[in-house]
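One chain, chain A, links the two complexes that follow: it is found with chain B in the first and with chain C in the second.
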Partner chain A sequence: MNPSRSTRIALYVYGIATIFFLYVPLLSVGFASVSKARYLSFPIKRYSTKWYGDALQSETVRDLLVTSLKVAVIVTVISMVVAFFGALAFARYNWRYRTLFQKLILLPIFFPQTVLGLALLMWFNSVGIIPTWKTAIVAHLVWIAPIATLIVAIRAYSFDPALEEAARDMGASTMTILREITLPLLMPGIISAGLFAFLLSWGNFPLSLFTTGADSTLPEWLYAKMVSGYSPLVPTLGVMSVVGSFLLILLAFSLNWLIRSVRESRSAEN
Partner chain B sequence: MERIDRKLGLLSALPLAAILALSFLAPLVVVALFSIMPPKVFDLAHMPNFAAYSVFFDQGYYKSLLWSLGMALISTLILFVICWPLAYGMAKVFGRFSLILTIAVVMSLFVSENIRLFGWVLTLMKGGLIEGHLRAWTGVGYDSPLYNTGIIIFGLVYVYLPFMLFPLAQGISMVPDDTRQAAADLGATRWQILRQIDLPLAAPGIMVGSLLSFVLAAGALAESKILGGQAVIVIADDIETAFTFGQNWPLGAALSVILIIIIGGLAILGVNRIDLDAIMGRKR
Partner chain C sequence: MQSQPILRLRQVVKKFGNFTALHGVDLEIEEGEFFTIVGPSGSGKSTMIRLLVGMDELSEGEIWLRDKRIDQTPANLRPTCMVFQSLALFPHMSVGQNIEFPLKLRGAAPADRKARALELLDLLRLPQSYYQKRISECSGGEKQRVALARALAFDPEILFFDEPLSALDYRLRKTLEKELKSLHARTGKTFVYITHSLEEAMVMSDRIAIMREGRFEQISVADEIYGRPVSRFVAEFMGEVNLFDVEGTASDGLHGKGIEIHVNGDTRDFGISLEKGVTGTLMVRPEYVRFLTSSATADFIVRGILRAEYALGSRIQYEVETSAGQTLTVEKLREDRFCGNEGSAVILGFDAENVHLIRGT
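Let's look at the complex of A and B:
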């Protein structure tokens, strides 16, 4: 019952068209970022990298980048730790409230983020916390930690509990088992969860909107400028943010490849 | 083993459960409490009243809600139709290309939705990537298609495509090839296979995908602001305005509660009916 040749070709074309569709807007942003004119119109007449120079020298831009980076790094670290344990509770251990826990984790993902941000703003206000970039970390965690947990859980589903049982039978303590067996086995999942956490936090806008107080992350600033008071720096910073994300992904992929090839050459030697 | 499992399960659930209790469930309670405060107060020490909820009907806020739900419904239906063939390809046809497609789609998710929507403005606007080049080459232009309901739905479809695509592909991959083969051997038409085998067996994926797209689209804000130029006021927009310009937290809270009840009800209903262990591939 394999689909006919023409159906297969049509599906491939459709797939490629979808990728194109997803990236067209980024293409426009890319062109806009190197247009010399202050008020953009296509086709672009003169190209210039002037706006990149401006962006790199601007202090506002540096503050935005630093704030976004601080939030993303802390969210990543906390998410990785929480997701490691959360995934074990989600997928590995048979405990009483496991299904309830699984459902609780899904709820924040199925939730409008803008509303979640506002709810947190009211909550912070009513317990007397003034929102800054630190409260944005909490907001990001509500959404990102569950996603990270799901990613590690996929890995946790595929590992054999007999390995842990064997270690326990040979007298290993719970801590030793976690450190020597569970953690290394889940590591690939934890690292991809960390990558997801960083990138999702770096690009997140709706959760930051109400929870950063007087501070501002890069996506927030871009939104403010898009909705009112356009600045030619918008496409430039957009491109810089995207390039940053993609470089990180590239780095992760090449590290992964490097580790794998080192391991393979080692096992070939033995 | 059993006893250790129970204890460890509870312990390892604690960090995440604590985060969610403190910064998800508790804020929801606060929102609910704020929604029954008198207008324009900023703390909870007042006699409760339901003024904010009556405003929802009196001042036409229900229209924004209907717009949001309507546009979310339409974009979910469109997404289902355009994602089905692609998800089918990913699950059954593509092989290696499936991985490339997955990476391409996931990477697009890491770009802030603002930037992507803004990119569509630059692409579609008068003097944008398409119209500008068209006019330069052929002399014929067109009027800006931006700032109406159609373009907001387009934006929703664009932004939430991955949330429909991946669950659908996962759902379709759960349909056994043997069953389809058997149906075909017994003389079922393509249409019959689709209706009686693919759709029912892929139902968990369909449900998760539709639910995610609908729920996220119903609470979406950036699409209507950036692409729609506020041609339509969506409920998330009303909520934001009530908090910022309106300085009326109880009204914003009441609107939030109404949206949360609709969306949360749907989410809980859906989440209760899916077996996560089966979808995510638990072996035991």
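Let's look at the complex of A and C:
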């Protein structure tokens, strides 16, 4: 279908706005990261990759990256598992409290994250848990696991229940059906859910701020340095964080591609 | 000696809450039979097949497979298999992997699995190159054949079908009906088929069961159900039909409004008599009704006005409004086409050997 004139204009405006509000700001961080000056100022007088070298050697930066990565990876793995079973409960099986479950699971998403973070911090304190990066994992999961569940549930809704029935009819046990039919069919959804979980955890600030205690994640550090004691490493780490996210997306795509080609070669072997 | 039936249902009841879907059904299916259960939607035929396959539990009664009672056996432990309405082919597996799935579950060696899959592709007249194909690359008819091959790979005692042709276009459906019939002959397996289409049932089946509101109305061969239905419901379900309300007379004859009866001899000889005061329905199929010229005669004569003519392809269908205000259907082969103007008076006739009397109304 060819868009009408007004639709075309709207599309152009939309495209330009996206570039202007999303990519131009990102580019300015990129430029700032290669400026030799200690403070943010435009136009940039002298370019240098000095801060990248510094960042790679800095122990603080390594700690930040390790903490953020630990939290994000663990949140991703747990989210994927929870989302798989949660989506089955959400979309596939008819059970008594299903509608209630479907509504409850949305609650954390509607809750402002700052309030959620504060609530969790107070709860950790009252039960006597000292907040560290481990409590941040719990906090992230409260918010991210439901989102991941919804993503897998969308996939589960488009799933013909007769597929599982057919497998059972041909003699498959519940475990075999899960392994041979349900899991492979939901896998694209589970991978996108994992991707979202990682990115949401990696970039999360409000929940981490309240629940990491003495530990610090990358977004927290960026904020802290902007508020007091600016470091020229701020834009550098910002860029590194974005690049990390992009690498992950690439990884997810190649993983999907890998699964498909493995399946094809397996069917060719047989 | 009567051989033992392969499948036997005794007083099978299925309830969903307050709703009773099956009211104590009895059924016996013979070894090697092509048995079709036909009924309108809501008649309980889908409930029936889910019970037979083991995907739902019955509320009361027994199901026997030869001399084993199977109604408490879950679907995955029953030696039967079903071709689903949606076919339920696994989209993430190739054609070959789909066919091999039941064999893989039994732990067959990969080489044996492949050999059997290729054999089945031959049996279903699919090229062996399809072994590698993705399900999404197959056409509707090819998917049907893959689903059949997969079910046959399971080597079931009974193969069940849940309206697998209903989503296909007319021509393909006709082709596959005949293929299924020939596949049944070649494999010698017992086929139990569910459909709402009488045509499908008539083309393929050895015996047909007509279902209505959770009961079997009639179980018989196709000719019997078509020509000698036990009720108005069956008569009307099995295609176009003309029905007349009749009543027995003192002399064991028949009397009907708007119909002249000139049966040569005793109506009892034709099994179309009723005792005095008893009501019934006289049935004649449209192809047995003739247009009479003034001199000709027939056992039953009805006068009316030609109202419409429809070309059905090889046949022509006519609508005639009788003097009693009833609309009758007449069908003629194209070569026997009746030439009459719409609105003209016609005389219709049919003979005692072609009518069937249903007792009661």
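The criterion applied here is as follows: the second predicted complex is superposed on the first by the 241 of 270 C-alpha atoms of A that agree within 3 Å, B and C clash if a C-alpha of one lies under 4 Å from a C-alpha of the other, contacts with A are read in each partner's own complex, and residues count from 1 in each chain.
Please note the rule applied: contacts are C-beta pairs under 8 Å (C-beta built on N, C-alpha and C of every residue); 3 or more make two chains touch, one makes a residue touch a chain.
Computed from a predicted structure; not experimentally measured.
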Practice task
Check the residue A:149 against both partner chains and state whether it touches chain B (first), chain C (second), both, or neither.
Solution key: first
Exercise for the section: For A:176, decide between first (touching chain B), second (touching chain C), both and neither. Expected result: second
Practice task
Report for A:128: first if it touches chain B alone, second if chain C alone, otherwise both or neither.
Solution key: neither
Exercise for the section: Mind working out whether A:184 is in touch with chain B, chain C, both or neither, as first, second, both or neither? Expected result: second
Handout entry: Touch count on chain A, higher of chain B and chain C
Key = B
Practice task
Using the touch definition from the top, say if A:263 reaches chain B (first), chain C (second), both or neither.
Solution key: second
Practice task
Mind working out whether A:82 is in touch with chain B, chain C, both or neither, as first, second, both or neither?
Solution key: first
Handout entry: Contacts of A:165 with chain B and chain C, given as first, second, both or neither
Key = both
Problem - chain B versus chain C as contact partner of A:229, first or second or both or neither - result: neither
Exercise for the section: Mind sorting out which residues of chain A both chain B and chain C touch, each in its own complex? Expected result: 165, 168
Problem - In the complex with chain C, residue positions of chain A that touch it - result: 160, 162-163, 165-173, 176, 180-181, 184-185, 263-264, 267-268, 270
Fill in the blank from the handout: chain A contacts chain B in the complex at 1, 3, 8, 11-12, 14-15, 18-19, 21-29, 31-32, 40-43, 81-83, 85-86, 88-91, 93-99, 101-116, 118-123, 125-126, 138-139, 141-142, 145-146, 149-150, 153-154, 157-158, 161, 165, 168, 174, 199-200, 202-206, 209-210, 218-219, 222-223, 226-227, 234-235, 238, 241-242, 245-246, 249
Fill in the blank from the handout: Counting only contacts in the complex, chain B reaches chain A at residues 1-2, 4-17, 19-20, 23-24, 26-28, 30-31, 34, 42-44, 85-86, 88-90, 92-94, 97, 101, 104-105, 107-123, 127-129, 131-133, 136, 158, 161, 177, 180-181, 184, 211-212, 215-216, 218-222, 225-226, 236, 239-240, 243, 249, 252-253, 256, 259-260, 263-264, 267-268, 270-272, 276-277, 280-284
Exercise for the section: Going by the contact rule at the top, pick out the chain C residues touching chain A in the complex. Expected result: 53-55, 74-77, 80-82, 84-86, 88, 90-94, 96-97, 100-102, 105-106, 110, 113-114, 132, 150, 154
